[in-house]
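Reviewing the structure listed below.
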């Protein structure tokens, strides 16, 4: 929600169209089958993402029980009453739902039918958006729906990549991107610690209108001890050193649960890496590509990131340190030099912080209150953003989160150490 | 392979085209996604069936190492060398293969590409079939390939039904069939027992040219004690009596492994039955349909068939009894009266016989030797045929086989008792 | 029940004491813990065997509802009414029971308490056995109980061995036995086939008073084709050749389910074999012992036995062939020469026959009707007997049965081939 | 380590004897089997606890490679070199070890042999403890070993209770304790927040000689917002209200992983509760006992504690809040009134804090460095202590930790809320 020159509602309408169009654009070039299959319970079919993000608007903005206040005009007719069951993700308050691991069994509705569903809901949303005088709650819910859809846009990348990686034909979704810039020499950014504010005020008037998810609120003060943080993220070349030094075989580097996972799964390199004739290659959305030593390592779990840091004699930063550093808030006696790069890409960065509520956290009322709070157990926070994160979606207060064994996201790491 | 007026090779060519076309016809009306998804490890995607049956001809008839002797003309160029890995089912001797439970992850090749693969192989097979003077081994392998494809045609029915049954939208593949004839009153066909020949001679000259799978051979004599066998199969109405009498809750009726399965799976009715407002309905390829009391029960496991028979005070026939009765071979002193109906449809009929080798059984040499023999453990023989069995595919010596817990085939039962 | 010089009842009383004493003797030298722990769901604790065999007499002979007819004297007081729940094995008709995989959690009652329970029931049984005129049904049930207890005596050997084999200390239960006689050269016993009677008449007057389990009945005629059977069982030395020839890595030798098991479990040798400094040793009830090349191989599954036979170019005999040969019933034109050795030991011998009902089989009425019939699914018949089989327990009609993957019994094999 | 009147070493010697004797005392009255069986992978046999705590001293204090510096006298002879494999718990650096889920298969060594092992090691430790001039590192390691043993003393209670609870005979280990004092009315202790120090300095000179585990260090400042904390823990009566109000069926109260656990496990009450004729009873070390409404609830998981707090309109305290409150560190403007009771018993209290490293945390060098750090993933901190915690073992800085689904410890909760 970048500019605010135009009226907020006009800008919201334009943003609605842009975000909705981006989801459809991603599906270009996919077959009905590509959009239907689910390659593991953690992933969802592309078609399901397209439908679920639509269900969000239908359920929370358009349907009778949740109809946005102040809305006039004809009653909304649900596109298909059975979709409420099929495309609810995890909202217990929104009723029963199709089991997650069985999302890939839904060959019907077809991709074309899902696109038609999108058009139906978009048309109704257009009617709503033209209302001269939308209630603030309605604007907030629409805004939430758009950020929600942007999150699913990133998941469409990771889930499609996982699906294609299961296929021995190694299909490509698009041509290779231009190479990422070669990594700069790593420098240590010193931070003097102290008391700092992190998090998001959660109040449009105080935040300059910038959106945040509930879990980023409230803003609050934290105490940080002096630390240093790396100027860039860890590279594939550095990760190869870890592999070659036997890092995946040294029990002492690993958390107990991590070591058990390494042994059970036989991990010896990041997800999607394969050794062909002595050369590392990696599956990408552009098919198999050589591993570039200067590019950031990705598709590593928290367990691996934590072990790598221990191997390097460093540690992962806490999310508080990461945010303080990302805001450039060096203390007066020790301003940050040099600058922290790669803040919002190209990889999400594991932090040492479990995903829990900020002090004073309150969930929203109603079903959308299930958005974040109920996942605050067993997961770790990632900060930053990736190449698959929609532009403008990331911010310094953003808290992404995954389980410590998960690797299919675009996850890497940045090192830190005590001072 | 009904008529033999034309020359065998001409007839083989015509039969090749007819069988191959029938597979493609089944896929009409299916989306790419319908043809791709695998709903459980026991089932395979339609696309996979279409490709695997083609791989059979490509591998065993066309490829260099197995090229049918006597073949002239240009060398066969494999359509895609990677397909050998993707579409081998279980032939260890034919090299490594894609894991069965992951068949549904292959969104590529697409359905259209698989149909192109079929056309490519069919064209090469046409070249081979036009050879004036095919070696008998080649004719035998082609014939095997066609019967193999017919088996997969039945599996396409059962696997698609299973997939559609997982979808809350309950899609239909085709309009309802005309109702099956109402069940006739059950009569008991008496058989005096004695020594009888069963099985197939396995030698075209002695069998009048009728094909059989290796497991039906050799023909051999068996001793049968006097018995009676039901004139028809068990109906839905009779099965409902079993349900209403508490049959699924009476431990004493069940085999030990069967009772454990009932409890673990919570079975209380045949697969696909659902109770809606006090009425039983069942998922079919024509979508949800009322359960017809007069139609044969289907989608029951061996465990259920065996328990039902015990509840009825009867037993399942052995496969020897079934075959002797199906051949109408009443003993001289007790010719069969009345006639045994529903021999080759509409449902496969569980027998009490584990699937093992006939005395003197020999597997074929080469990879096709894995066709049947290696499955002779833990499965039970079914006799007869179903509505999904291609016309002419079934015969009195045919031995179908499945594990005792499996229910997704068109399986029912016929009762027998000692005399 | 060997001799019949004394009156049947006197002899029954003596036999009761002998069988019951043998169970207790086995437990000598075991700690309370040795007798309590369950090393896998297929095995049971020694204490449980001691209690369950006692429960059998208490439940089927002594308790009110089953009190043997014709019994006078005081009412039987159950030792502990809770034992009915704890020590029922699988008799659904005898009420609910403690789950099998949790038998090893019962640290109470202690071994001493179980021995006291045995004495209590034995005393009551003595009262019953002194009755001058026991009804034939009562005698039959007591006889069944004693054969049942003998079966558990063999299981006590196999289950204790399995438990001790899990302990890195490799405890021994007793000193090594004298070495088995070295294997004689293998000879092929020719059999001309034909019609033969197998099985047990199931009627004391016709069987000369010899006991049989229900599954051995009725006696019936079978047709057997000409065959040859090995004069002795397969040896460890022969099995080593199979290993060294790569038998465990040749997919083509194995049943499909067997090959999946080999791969999943990583089998490469019989259960309990370990390679120490190039020499095979095996865990036994006398602790770790060198593998003797001339002794019979044991602790192999059906899958392994079947693959070995295929590797050797032979096959397993059917149970009909085994019994016909064991009875020495060479046909007139081809009397058996030489003699079949090792009929009733030292190892059980896998046959090619699934365990199913003989034609005309009827289960007993009441709970003991669950004794055998409900296991007739998925298991294979073994014939013969082992060193752990109580003397006099085995016979030519005896049908032992286990699942094809099970290896912890004293199981080996004897080869056969077609003629 | 209460008094410090006597010399530290004398007191250490006395404390060594006292702690070691307490472990043996717990085993009084247990059978060899009671001490051997493992009722689930999370629990260990009593015998294993007795041996493992002994292995700790043998390995880290007595064995050649770790021999405490400054020790004179004869070389230590390991009691049994195989015990290093059997009784290592999880120290990767101390070599391979017996798999945890198979600890219960070790019927040998017997309980008596384990007690002899203890005496052997105790004698050698006495030799060491008599040394006039123990190095500080040696004293620190011995002290660690004693606190380690005290932790296992608590586990012996919880593991034995879990074992006995699996036995339908519901054995008792000891007579019922006197009833806990009836719960006082709940009061809210107000705390004004601010900056406070928590954690342990980790340096004997600064801590007055009080021991702490590494994870309690370093002491550091935290910011706490104003809050209120309950004066006492939650009672069984309050928990019953939660049950009766349907708390176990309200999805909205639960964390996502918690709700999945409730559904999968069928939870509807604390572990060990059973409803008999409308009255709740609970399994205890004194056998089945009525549930006392006024006693603290125990055997609830983090998931349940968190859901209960949400149902009550409150939340769990963070570990920082708990510790600040437990130290009585009311801020100047708002001294704590009334007093926080039940700080160190009778139940451990779940906090909202995941178990992670304190800022600046360093693991010890060597194998004992694996003591705590490698478990810092996926677990939650509990504060306080239980009736099974050895007297003097608990302290305000103590951090206990378990996974959020675990219930077999003596765990309850105390509520908090924002101010």
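Order of writing sets the chain letters: A, B, C and D. Residues in each chain are counted from 1.
We adopt the following convention: a contact is a pair of C-beta atoms (placed from the backbone, for glycine too) under 8 Å apart; a residue touches a chain by one contact, two chains touch by 3 or more.
By chain, UniProt protein names: A, B, C, D = Sulfatase maturase.
From a predicted model like this one, the values you see are computed outputs, not experimental measurements.
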- To reach chain D from chain B by way of touching chains, what is the minimum number of steps? 2
- Compute the centre of every chain as the mean of its C-alpha atoms, then state which one is farthest from the centre of chain B. D
- Message: Report the inter-centroid distance (CA atoms only) between chain B and chain C in whole Å.
- Response: 37
- Note on the structure: Per the C-alpha centroid definition, the whole-Å distance linking chain A and chain B comes out as 48
- Note on the structure: In whole angstrom, the CA-centroid distance of chain A from chain C equals 60
- Using the touch rule from the top of the page, what residues of chain B touch 2 or more other chains? none
- Draw the chains as dots and join the ones that touch; what shape do you get: line, ring, star, complete or other? ring
- So the touching chain pairs work out to A-B, A-D, B-C, C-D
- Query: Inside the complex, what are the residues of chain C that reach chain B?
  - Reply: 90, 92-93, 195, 220-223, 225, 251-252, 254-259, 302-303, 318, 352-354, 356-357, 359-360, 370, 374-378, 404, 418
- Message: Please output the residues of chain B touching chain A within their complex, sorted ascending.
- Response: 31-37, 39, 82, 85-86, 98, 102, 104-111, 163-164, 166-169, 171
